[in-house]
Amino acid sequence: MIQATVFQADDYGPWTVTPAPRPEMDLQILQSRLYAEIAGFVGDREGYAFYTRGDNVVGITNGIDRDAHERLQASLGNRYPVTVSVGIGAGETPATALSEASSQLRAAGSAQDETRTTICRGETLETETGEVTVGHFDIENATGRLTDRLDAFEAYTTIQQWYGTLARRLYSDHDALAFFVGGDNVVAVCPTLDRAIYHDVIEYVTDQTDVPFRVGVGTGTTAREAGMAAKHGLERGRERDRDVVLVDQPPTPSV
Amino acid sequence: MIQATVFQADDYGPWTVTPAPRPEMDLQILQSRLYAEIAGFVGDREGYAFYTRGDNVVGITNGIDRDAHERLQASLGNRYPVTVSVGIGAGETPATALSEASSQLRAAGSAQDETRTTICRGETLETETGEVTVGHFDIENATGRLTDRLDAFEAYTTIQQWYGTLARRLYSDHDALAFFVGGDNVVAVCPTLDRAIYHDVIEYVTDQTDVPFRVGVGTGTTAREAGMAAKHGLERGRERDRDVVLVDQPPTPSV
Amino acid sequence: MIQATVFQADDYGPWTVTPAPRPEMDLQILQSRLYAEIAGFVGDREGYAFYTRGDNVVGITNGIDRDAHERLQASLGNRYPVTVSVGIGAGETPATALSEASSQLRAAGSAQDETRTTICRGETLETETGEVTVGHFDIENATGRLTDRLDAFEAYTTIQQWYGTLARRLYSDHDALAFFVGGDNVVAVCPTLDRAIYHDVIEYVTDQTDVPFRVGVGTGTTAREAGMAAKHGLERGRERDRDVVLVDQPPTPSV
Amino acid sequence: MIQATVFQADDYGPWTVTPAPRPEMDLQILQSRLYAEIAGFVGDREGYAFYTRGDNVVGITNGIDRDAHERLQASLGNRYPVTVSVGIGAGETPATALSEASSQLRAAGSAQDETRTTICRGETLETETGEVTVGHFDIENATGRLTDRLDAFEAYTTIQQWYGTLARRLYSDHDALAFFVGGDNVVAVCPTLDRAIYHDVIEYVTDQTDVPFRVGVGTGTTAREAGMAAKHGLERGRERDRDVVLVDQPPTPSV
């Protein structure tokens, strides 16, 4: 079972243009800082948070209870000019968990409802029942193939197309949620999937985009545990030149 | 003429897995903070900076001289565990400027060259000769159409597909560089383009993605000046229900 | 029983002048950010952290185990150019706890020992046995008396003299640790003290410095719980014009 | 001539207890971040900013015009839950400049005037006429004498007493403004003073506090230039075992 959280800035769009449009760099800094706060808080509790739209941040929050979510909301409210509402959901797959979290949030009112402020809705999971699988993907020799060869925008759009194709395939066929995390890295939160499925996904996406890549897959009771195992799997795949490495247990403490 | 800068973390990939993979949330926080620093510094000098890949940040830096770039590099070196190299380029269009900036950086060595540290290469533009055009795009009624209706991941991937289609069209046909800046907003740095071209681009992208959107277009001697004008244009388009609004001068001081 | 932690940047002094003196504002920003990280991490776990010397930060860490301390150290090491060592101590009073924490750190090597890196030493307290008392002091009508009347430096030095006199008295006679936390506020971590003692301290310090002030005193199992109660006590003292208000239980949830 | 700025958070005290007292660590993080922003902005323009009371930050702002001050205020207003007002003053000495800056601010209304928001008052200096002298003081062998020998609180209070004695002497007799900047370091912004005066001050303060220390003194058109020269002087004093080293020109570029 997966627990997901949607963090949504309250009435943010209107705020960015009231009383007049605010300078873009101020908004970018605000969004980056707000995300870093959420990532720090969630990460500190073994979860993962992904930037996505900046005003909507997606968390995988197994093991983080409602009280912790509310504490984060209170702390952000004490230090930022905008407040954040929260929807929490649990599900058999990452996609169903996030869908439930999104429903909870929508049920509390529109993202641009002026009266919806610092709402926290939804049910958290019993810690024991949770299990997270993370697939950490990266491109084979991205530096030689892209960074050192193309210009910065071409490399970026090539990676974005690869990411988009990968993310849509994982979502539509496998209920997995994939996020671009910078460089040439994609972190996907997945249900339990056979090794063959990862091979198929890689084959399909490489066919479509002409980008060869690998994946390390790890499982754990939290996103962090699963993600660290996945990273070790990816390293092992690089050393042994294998496309898919599944890791059951993290080989070393994750600090 | 446009001046572009590529900010590239030195030997970052290897650092993230040495001596062992570092926790993903630590890396995400580091990348967000580093970006916020660059955005703050560049923004404070009327430029724009875009996150793109996190370890590669793209700046539109008209009016920012080499000395300022080096000062930013020194300051980051005093406060972060990684250093940043810089390539600067000037060109008739955003695409040619960025291409030149990327060439300068590559000529200094690979992104994973251990001996390439805090390099600054390339020529800046005379301030007087610079002119920047910014198109600020957003989706019509994105809150009602996407945020309040779809789940957070579906809304995100819909926007990413829209952005990807828009960015590729603007780049391949018009030498413009478009960046997703959160929410449902895309900021594109463009050459001088006719109003008809913006209409064509909107028509094409809406056809492909089924997402209706608008643009405000502004011009100025710096990215900030152009970007503020574009934001005012977008507001005007929203009020008057027009798809494309070109603004020559920012209507109010940009602070 | 109190648990205290000393967070000490490793070999920081030499780093600030190697290879040449680093700009002061870069150092000030680095120190502020590092402190904010520690305060965030400790505060999130119901503790308190005080800036003191910037390269030495003092924490009241009841309820925070060794594993958490090590995780903070690892996370800082992933995001800052300097590492941090930690000494933990427990004691009957704040002063004895901090003394033990300092001994632990010193036993691991000098602050300028190049080979002492990311050390964590000392014993933490069983959570159940902990009790923290906080006295929150502020000056009567500081705005009218100081901020709006004196210049910024005079107001500052007046407050610093008041703080110094108060801190030394509380430390030498009562084993309490007092910290200036900005504005006209001093937060002291105290043993259990009679109301009469607070009156005596106020009388003595007001005699010496000619600054009238109040205190709210709270007790709890963590610094945060005690500190929130103390703040409520101070508010009550302000409303009812009383110098010393002792609060046993926080009147409202502390989020 | 010196230009000083007082940055004062608007109506901050009441905000910290409305609707109920806010958690102390949230306030400490907010204050640290706000200070880091001001230090970054001012430092980037060759000025210095000092934390002092957190809600009142003192800047030495030679070369920074009114427009820049207002831009900082706007940017803070876009990213923080509190606004900041500004008083600017020029004077023959640091003390007179700060006094004028404080008067300007007070003339705009009380620090707790709810209607005083984001005010900017006072006259800036013509750049050419400015000259800043900085004395950078530190304690001889502070690590061996204090950090490695006393506990963290004793070391801190010893340094605070030394700092307080030094700051009051410099202010009352020489119109200089001294600030503790962490570790065992004090940065003083001074008028032009003879070498003999520095010797006298050191002798007096060492007599009073039993703490031996040195000073490097530098002069420049900005605080940064003067401060970098002072740091080099201090290094030279350490190498040659001299108490006072005056430096006229910074020996190396200050980046």
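Labels for the chains are A, B, C and D, by order of writing; each one numbers its residues from 1.
Heads up, the rule we're going with is that contacts are C-beta pairs under 8 Å (C-beta built on N, C-alpha and C of every residue); 3 or more make two chains touch, one makes a residue touch a chain.
Source: prediction; values computed, not measured.
With residue numbers as the basis of comparison, which of the pairs B-C, B-D or C-D duplicates the interface of A-B in over half of its contact pairs?
C-D
In terms of CA centroid distance, which chain is the most far removed from chain B?
Comparing chain centres, C lies farthest from chain B.
Since chain A and chain C are copies that touch, is their contact same (over half of the numbers shared) or different (under half)?
Same residues, largely: of all residue numbers at this interface, over half are found in both copies.
Suppose each chain is reduced to the average of its Cα coordinates; what separation in Å results between chain A and chain D?
About 42 Å, centre to centre.
When the centre of a chain is set as the mean of its C-alpha atoms, what distance in Å lies between chain A and chain C?
Their C-alpha centroids are separated by 36 Å.
Using CA atom averages as chain centres, what separation in Å is found between chain C and chain D?
Computed from C-alpha means, the inter-chain centre distance equals 22 Å.
So which stretches of chain B touch two or more other chains?
Those would be 23, 26-27, 29, 33, 40, 44, 74-75, 255.
Touching residues of chain A toward chain D in the complex: what are they?
Against chain D, the touching part of chain A is residues 22-23, 26-27, 29-30, 33, 74-75, 78-81.
Give the list of chain B residues in touch with chain A in this complex.
Of all residues in chain B, those touching chain A are 6, 8, 12-13, 16-17, 20-21, 23-29, 31-33, 35-36, 39-40, 42-44, 48-49, 51-56, 58, 95, 98-99, 101-103, 105-106, 110-112, 142-144, 147-153, 155-157, 159-161, 164, 167-168, 171, 177, 181-184, 187, 224, 227-228, 231-232, 234-235, 252, 254-255.
Please give the residue numbers of chain D that touch chain B in the complex, ascending.
For chain D paired with chain B, touching residues are 40-41, 44, 70-71, 74-75, 255.
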